[in-house]
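Naming follows writing order (A, B, C, D and E), and every chain is counted from residue 1.
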Amino acid sequence: MDALIVIFITGLISLFVGMLKKPYLTLGIIASGLVLSFCLQMNYGNYTSIFSKYDNLYFNITQLYFSEMAIGFTLLLVLGGFQYFKQDIEHTSDYLSLLLFSLCGAICLIGFTDLFMFFLGLEILSIPIYVMVGIKKQDVLSAEASLKYFFTGSFATAILLFGIALLYGATASFNLATIQEAIQSGSYSEPMLLIALLFIIAAFLFKVGAVPFHFWGPDVYQGAPDIVMAFMATVVKLAAVFAFLKLYAGTFQFLSEFWTGALNIAIILSLFLGYLSALRQTSFKRMLAYSSISNTGFALFALLTTSPSSAGSLWVFLVAYGCATIALVTISMIIHNVDDKIAAFKGIGYKNPFIGFVMIMSLLSLSGIPPLSGFFGKFLLLSNAINDHLYLVILALVSSAIGAFLYLRMIVLSLAKETENTVEKYPISILQYIVLGVCTVGLLGGWLIIIL
Amino acid sequence: MTIDSIVLILIALPLIGALVNGTIGKKLPNIVVGTIATSVMLASFICAVLVFSQFQKTQLIHLFSLLKLDGFQLNARFQIDALSIWMTMIVTGIGTLIHLFSMGYMSHDKGYYKFFTYLNLFIFAMLLLVLGSNYFVLFFGWEGVGICSYLLIGFHFSDLEKGISNSIAARKAFIMNRIGDAGLLFGLFLILAQFGTLEYLDLARLTGPGHGVAQTMLIGITLCLFLAATGKSAQIPLFTWLPDAMAGPTPVSALIHAATMVTAGIYLVVRSNFLFELAPFTKDIILYIGLATSLVAAFIALRQNDIKKVLAYSTVSQLGLMFVALGMGAYTVAIFHVTTHAFFKALLFLGSGSVIHAMSDEQDIRKMGGLAKKLPITHATFLIGTLAISGFPLLSGFYSKDEILGHALAANPLLYGILMVSVAMTSIYMFRMYFLVFFGSFRGGEKAASHLHESPLIMTLPLMILAILSVFGGILNLPGLFLHSGAHWLNDFLSANTAGLNLLLAEHLAASTTLILMFVASAMTLLILIWAYINYAKKQKLALADEELHGWQLWSNKKLYIDELYALVFVKPIEFIGTLFYSNFDIKVLAKGVYSFAQLFSKLGGVTRKWQNGVLSSYLFWMLIGLISLISYYFIKLQVWNF
Amino acid sequence: MTAELINWILGGLSIGSALMVVFSKHPIRSVLYLIVTFFLVSGLYIMMNAQFLAIVNIIVYAGAIMVLFLFVLMLLNLNKATEPKTPLLVMLSSVGAAGIFVLVLIAALKDSFIQKSGQVAGNLNAGMVENLGELLFKKYIVPFEISSILFIASMVGAVLLAKREKPIID
Amino acid sequence: MNPTTTNLSASIEFYILLSCVLFTIGALGVLVRRNMIVLLMCIELMLNAVNLLLVAFSTYYGQGDAQIFVFFIIVVAAAEATVGLSILIMAYRNNKSTDVGLFKTLKD
Amino acid sequence: MELLILPFVFGILSFIIPSSWSRTFGLIGAASSLLVALFHLSGFEPQTVRTIFDPNRTFPLGLSFKMGFDALGLVMILLTNGIVLLVLLSNWNREIAKNKLFTALVFLMQFGLLGVFTAQDGILFYIFWEFTLLPIFLILYWFGAKDNNPTLFKFFIYTLVGSLAMLAALIVLGSFSSSYSYEDLRQVSLPAGYACWIMSGFLLAFAIKIPLFPFHTWQPATYSSAPMAGTMLLSALMLKMALFGMIKWMLPLTSEGLECMRWPVIILGSIGIVYGALIAIKQNDIKKIFAYASISHLGLIAAGIMLYTTSAMQGAMIQIINHSLISVGLFLAADILENRTGTRKINELGGIAKLAPHYGFWFAVIVFAGLSVPFTAGFIGEFILIKEMFSFHMIIGIVAATTLVLGAVYMLRGYQVSMFGAPKLTEFQDLKWNETFVFVALTILILVIGLSSNCIIDFLEPSLSNYQVTLK
């Protein structure tokens, strides 16, 4: 709660500071605000917040971990994307504070205890993104992406709201605990509740970008600026998946027998459709978008089991996925891949070993090769689910083989000895070094958290 | 010195010789290399004689345990008994002589040291083969001699003209031997499965009276062993390698492909006599195969024009005779023939080597003639060899062949008749060759004529020694008819000291019958001699050129087309299958299958990508469809799951 | 009974005007029909004793938002029926899908509220301002405050996007 | 103790039905219309259907919470409309049209 | 632990050092690893398991991260360290050795392999198993033939698919156990329906890696496009991982599934023996000959392991060691051909034995070792294996024994056509010192193992019989 307020206020301050047109100052404020909120979340249990009597937001250890991840990713993205935002010196602070506002939404979405906060969080998360997708105003693609995202998003919101309304109708409450109680005690209107669950699933599948509600994904990712795309793939997805997990594996867990079937189908479709469509992509962001669909499929495995460890597994997986995505996007920005071509990565790894190393690590982690975090994430998720969903796990492994091919192609490309790019040396700012370094650490050692 | 250590020295000496020559031989002068090799052989022979003289009863020399697995143990262990010591003497004795001969014969060769290394190695392997106390050690030696044979056949692998064909011949020999080896291996496995041991003595004990082993098992074992024997001893169906193996230097042909290695098959059967005796069926097979081989090889030899090829087929034919003896259960007779055959065949080969040496590596008998004057010693010794092999009275071959014939008559007159045909053909082709080579006028042209010379003493000395042995070798096992006190010495020697060999009834026939047989055989040989002399020496009826042949002569000359048949039946199909598998199955089915499986995903990706058509309305539409399907899911779920 | 009748009339009319929103060619008419729909829905709210929301609905939706819509329409000079005709196939499939959707939805929900025990009628005046005020500023104060973030964000966003300028960013 | 008869002037099924239909009409509008502004309006229509449902439930249960939720929905709808319209304006500036069918550059 | 840390540290350091040092550095590293391994050998009790890393607790989801080795593991460790040294040595005079990346990758490969051989935890085993894929992939990619991407992709994806199957099997297996540690997994008794599937999961991974017919299609192409070091590492060590995995992991842990998988594997192995050999007979590319020969040889070993008798596994171990040694030799020989003449087509070569007698000699020695002639390690190994197969089923034994004959055909053909006959070249540089050294070392090892196989068999006996499970 405190962190949320700190972030919001930081955003506000930076909006005003932005008028001074001193981007580094803005960056400093934002970074320190994020760090502060990060620390606040870290020490959440150690002090009593003055807001603690308001229980609309509540953070236990799991939620803290996830919110810290969200803050951390945002920080990385702010640092990594600064170079990019700085180009438009007029609005640097606007962009950055929009990201922060979106982060507020993400934190609401992680900490919600009732559907009010859930809905508001979702909207706060989304609306700045609708805007951010379209900030390349001259670019037709950017506008189109923004448009598509907005309309599909609003449509999904309407579906979600309808589901929430039915849910309320069925259980007469917006509070998760009460709803859970009602479900447990059986005092609810049955068809309405079940339909409500399905509507909400649909909305969630849209938000996390799973089949068959994934259509916005590739188009929007491709049209969006790199850094916004990374934000969507990491923070937005993280918050949405976690909320999904919380609602379904938590509140609705007693109906899991009902909804897992629907989810299974969505997972299978996502796993395969994502990687399959990505196979022959030439556009880098589009490829990432498709692969993110499949990765979502993996992430949704966390919902299939109600065991307490599934959140931890999801965390590891998302850390791996987020770090890899951020690293890749940062690299794409470093090589100034304006045309958004996969071919632009040719030979950069050989030319610049550091980039190459980070790139290989990210891609390998995405394809689930041990001992990187990606492997452990997948491994934990799958082994949680194996008892009840053996076939699903096997299908997931099959799809991960397809995925491996996809990533391997990029690995090979980036390690080629010859290059298409004539640039002698890529300018890497210190911030980008930091981002890449942190990502690599996350990829290599993120899984160690399970040992602790 | 105890017998144990002598035997070990005996075995080790050739190995040491090989190691010394192999490592530093290249830097030593040829004469030193040759001396080393020959002297270790000589020493080894002396050891063998020592062992022979001190030998009293069967003895085992245990070295170490080679392999200990659950259920069985394989030992490096040697067995000294009459059979092994006798074979050792033959191997080392003939070996020494041939080493000596090689010192002269190979003197101009660049690979002099290599040659002697291989020869010594061969002897070592051969000694392992004959001295081992179990089939495993025998198998070691068995494979070892195969390799040495391969190396020596292909010795002149880099020859400009014949290099490739030499090495192909070597490969053929090796592969055919390998087939036999596989048979031996199966035999071993069957024995192991049945008896749990490979030791001869244990096996002999276990197959004693009341053994209770199934007949089929025994037949299986013995057939496997016999398959091995056909490989090594060049019997039908695996005999075609031996004539090709003549690509090796002539001393090699003499040592390996006439005197020692090829008799390993005989040795194996004799060694396993206790098994074969229990499997009459196999014995019959051996008999028929031996007979057939003998006839076929003799027939082919009739119209061969390569001096070494004739001898090679003659070897095959003689080996067939030995197998006939084995098939009849006349083990000692077979060994006797092995012994005499070793003498006169080594002599013949060395003689032919001497001829070839003189002819500057020309081997076609159509280009020779009238060499008797130029090569007197060779001629004389060659004559003795020819007479011996033809069964000229009182020479060694006469006795050993006669024993076989005698047994054949006792077994079945028809068998005797067929054998007589084979023997007659032997005489015919041997005399044909002899007369063509040494009589008449020289047909090799001026240039070759000027080079003709008698070989040096180092080459003729072994010839002479072998000639003496060929003449008097028969004394070893005289029929009772001649010298009662010394009769059947070898027979007794072997039977007494080798477990199981005394199964054979020594003398089947009455003395008079024996006498008649001898007479018939002698008469036939003499007749053929005269006929051949008239035909080839007097009338100068020369061998025909290849293209003039027709009828049976052509078939004989073309080796009954067996090589072609094998190529058609085995080699071509295998190569065809190999190519077929590779180009059609491996590439087109498997590799392509995997590839198209991967392609399938790519194609599927193409399909799923079509879905993403970029139109917002369609996205929304599909979302609605998704929603509808979810609600339908509700209905379906409600049907199967009521709550 | 009268109340029920009014409900039915209001409901029927709202469906009708909603259909007109969808199917009128002219965007301006759509806006107007939408406003009508909002009014009708507000009427239903009143029937349900939710006076506060009825008013809010009219003020915010019909008043503010729809004016904004009209404003944009005018701003962009879109007040003529320039919209190309939707292809028949799309039309048919969409209508079909929507039809199926509403059918399955209603089919699924038709068995709802076959009475479950233990549900109590709550406050009759739940929809009154004082009651809602209590709730909003006590129980739901945090969401209320948090919604300010939403407004800030959308404000900044709207300004950012709608501002006519040459951005340097590519 | 049947809440249906206590608080609502019509049966709850009526409201459910009505909002389902309104929701569907909104959805249909989103599907068939190509003018972005109309699309936006249709979405507002869908939200309205939800509002109606929530209010009905609120009255049905005699709880104010749902009406507060409706209040928030209206808030969000306003915010969304603002952002939506600004996106629309931006898109219009790029394409000189409000036809969503023209935006199909991004595809496979 | 130093066993693993050493190559890892050397690997990392190799990235940093200047390229000119990399050769020496590589040798030092490999030699010291070997020394460490030998140090472990001295005083090793064959019936014990030496734990080298044990965090002494179980982590979430049953990860234990235990590491250790028994006699089998130690033999594999020694083999690995020895072969790595030989690989580095054989590359000494090649361009590739002067690249520090190469040295680093070889060390990382070694690290991964040692991890595989010492893992006492299922997941750790998998981790290292997959880890090895990376260095080898990079070696193949950077130092292999140009435009070999499709081949490499096939290799990578193919083996990855197998590994994923193994992962699935491991996870399922782990779900029956309290942790993934080896001891705990051994305790599991699998329900009837599962065992077969779990085993086939493992088997797919191993069958692809070995490679068993018909999963071999990646292999010949990969071998022929790979640099010498890559081929050596692949065939001498990486394939052995799979066989090791079969002995240590698959069979003991899922022995309940043996009944249903035994025959298929044995039959596939037997088909592989004949199939590989038949194809090798007609190949013209010398590396492909050896590649298909490898399929043939390893089919025999794999089928032998599936017999699941102590003797068969002892034979298999001997043969594993032998195959590692001869494949280093054979591929070195093949590479010398390619390196000196620029072609691997044997029909374009000939008479080389005359131009380069030393080379011809040592090549022949390795070829004969490959034919399992007496006194070489292969003789004992093949003898035991064929014997066990023969006593398992006669037909299988006969099929297995065809390797004796067909092996002779393709090996001798490959050797003879390239080395014998009239020389087609004018010049052929004979062996360099490092190549001679490798050949001599290999020959000595092959002979020593051939003669002292009893020691190795005795050494391995306790651990191998420990892997035997009384079948239910």
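Here is the rule we use: contacts are C-beta pairs under 8 Å (C-beta built on N, C-alpha and C of every residue); 3 or more make two chains touch, one makes a residue touch a chain.
Please read these numbers as outputs of a predicted model, since none were measured by experiment.
Using the contact threshold fixed earlier, the set of chains in contact with both subunit C and subunit E is A, B. With centres computed from CA atoms alone, E is the chain lying nearest the middle of all the protein shown. When every chain is reduced to the mean of its CA atoms, the largest separation from subunit D belongs to B. Taking the mean of C-alpha positions as each chain's centre, the chain lying farthest from the centre of subunit E is C. Subunit C and subunit D have CA centres that are 4 Å apart.
Averaged C-alpha coordinates give centres for subunit A and subunit B that are 77 Å from one another.
Subunit A and subunit E, compared by their mean Cα positions, are separated by 42 Å. Subunit B and subunit D have Cα centroids separated by 97 Å.
Within subunit C, the positions touching two or more other chains are listed as 90, 94, 97-98, 101, 105, 108-110, 112-113, 119, 140, 143, 147, 150, 153-154, 157-158, 160-161. Looking at subunit B, one finds that residues 598, 609, 612, 614, 616-617, 620-621, 624-625, 627, 631, 634 touch two or more other chains.
Multi-chain contact residues, meaning those touching two or more other chains, occur in subunit D at positions 12, 16, 26-27, 30-32, 34, 40, 61, 63, 65, 68, 72, 76, 79-80, 83, 86-88, 90, 93, 100-101, 103-108.
Across the whole structure, chains are in contact as follows: A-B, A-C, A-D, A-E, B-C, B-D, B-E, C-D. Residues of subunit C that touch subunit D in their complex: 3-4, 6-8, 11, 14-15, 18-19, 21-22, 27, 30-31, 34, 37-38, 41, 44-45, 47-50, 52-53, 56-57, 60-61, 64-65, 68-69, 72-73, 75-76, 78, 82-84, 86, 90-91, 94-95, 97-98, 101-102, 105-106, 109-110, 112-113, 115, 119-124, 126-127, 131-132, 134-136, 139-140, 143, 147, 150-151, 153-155, 157-162, 164. Subunit C meets subunit B in the complex at residues 90, 93-94, 97-98, 100-101, 104-105, 107-108. Every residue of subunit A that touches subunit E in the complex is listed here, in rising order: 309, 312, 364, 367, 369-371, 375, 379-380, 382-384, 386-387, 390, 393-394, 397-398, 400-401, 404-405, 408-409, 412, 415, 417, 450-451. The residues of subunit B lying in touch with subunit C in their complex are 617, 621, 624-625, 627-628, 631-632, 634-635. Subunit A makes touch with subunit D in their complex at residues 115-116, 119-120, 123, 127, 130-131, 134, 137-141, 143-148, 150-151, 154-155, 157-158, 161-162, 164-166, 168-169, 172-174, 218-220, 222-223, 277, 281, 286.
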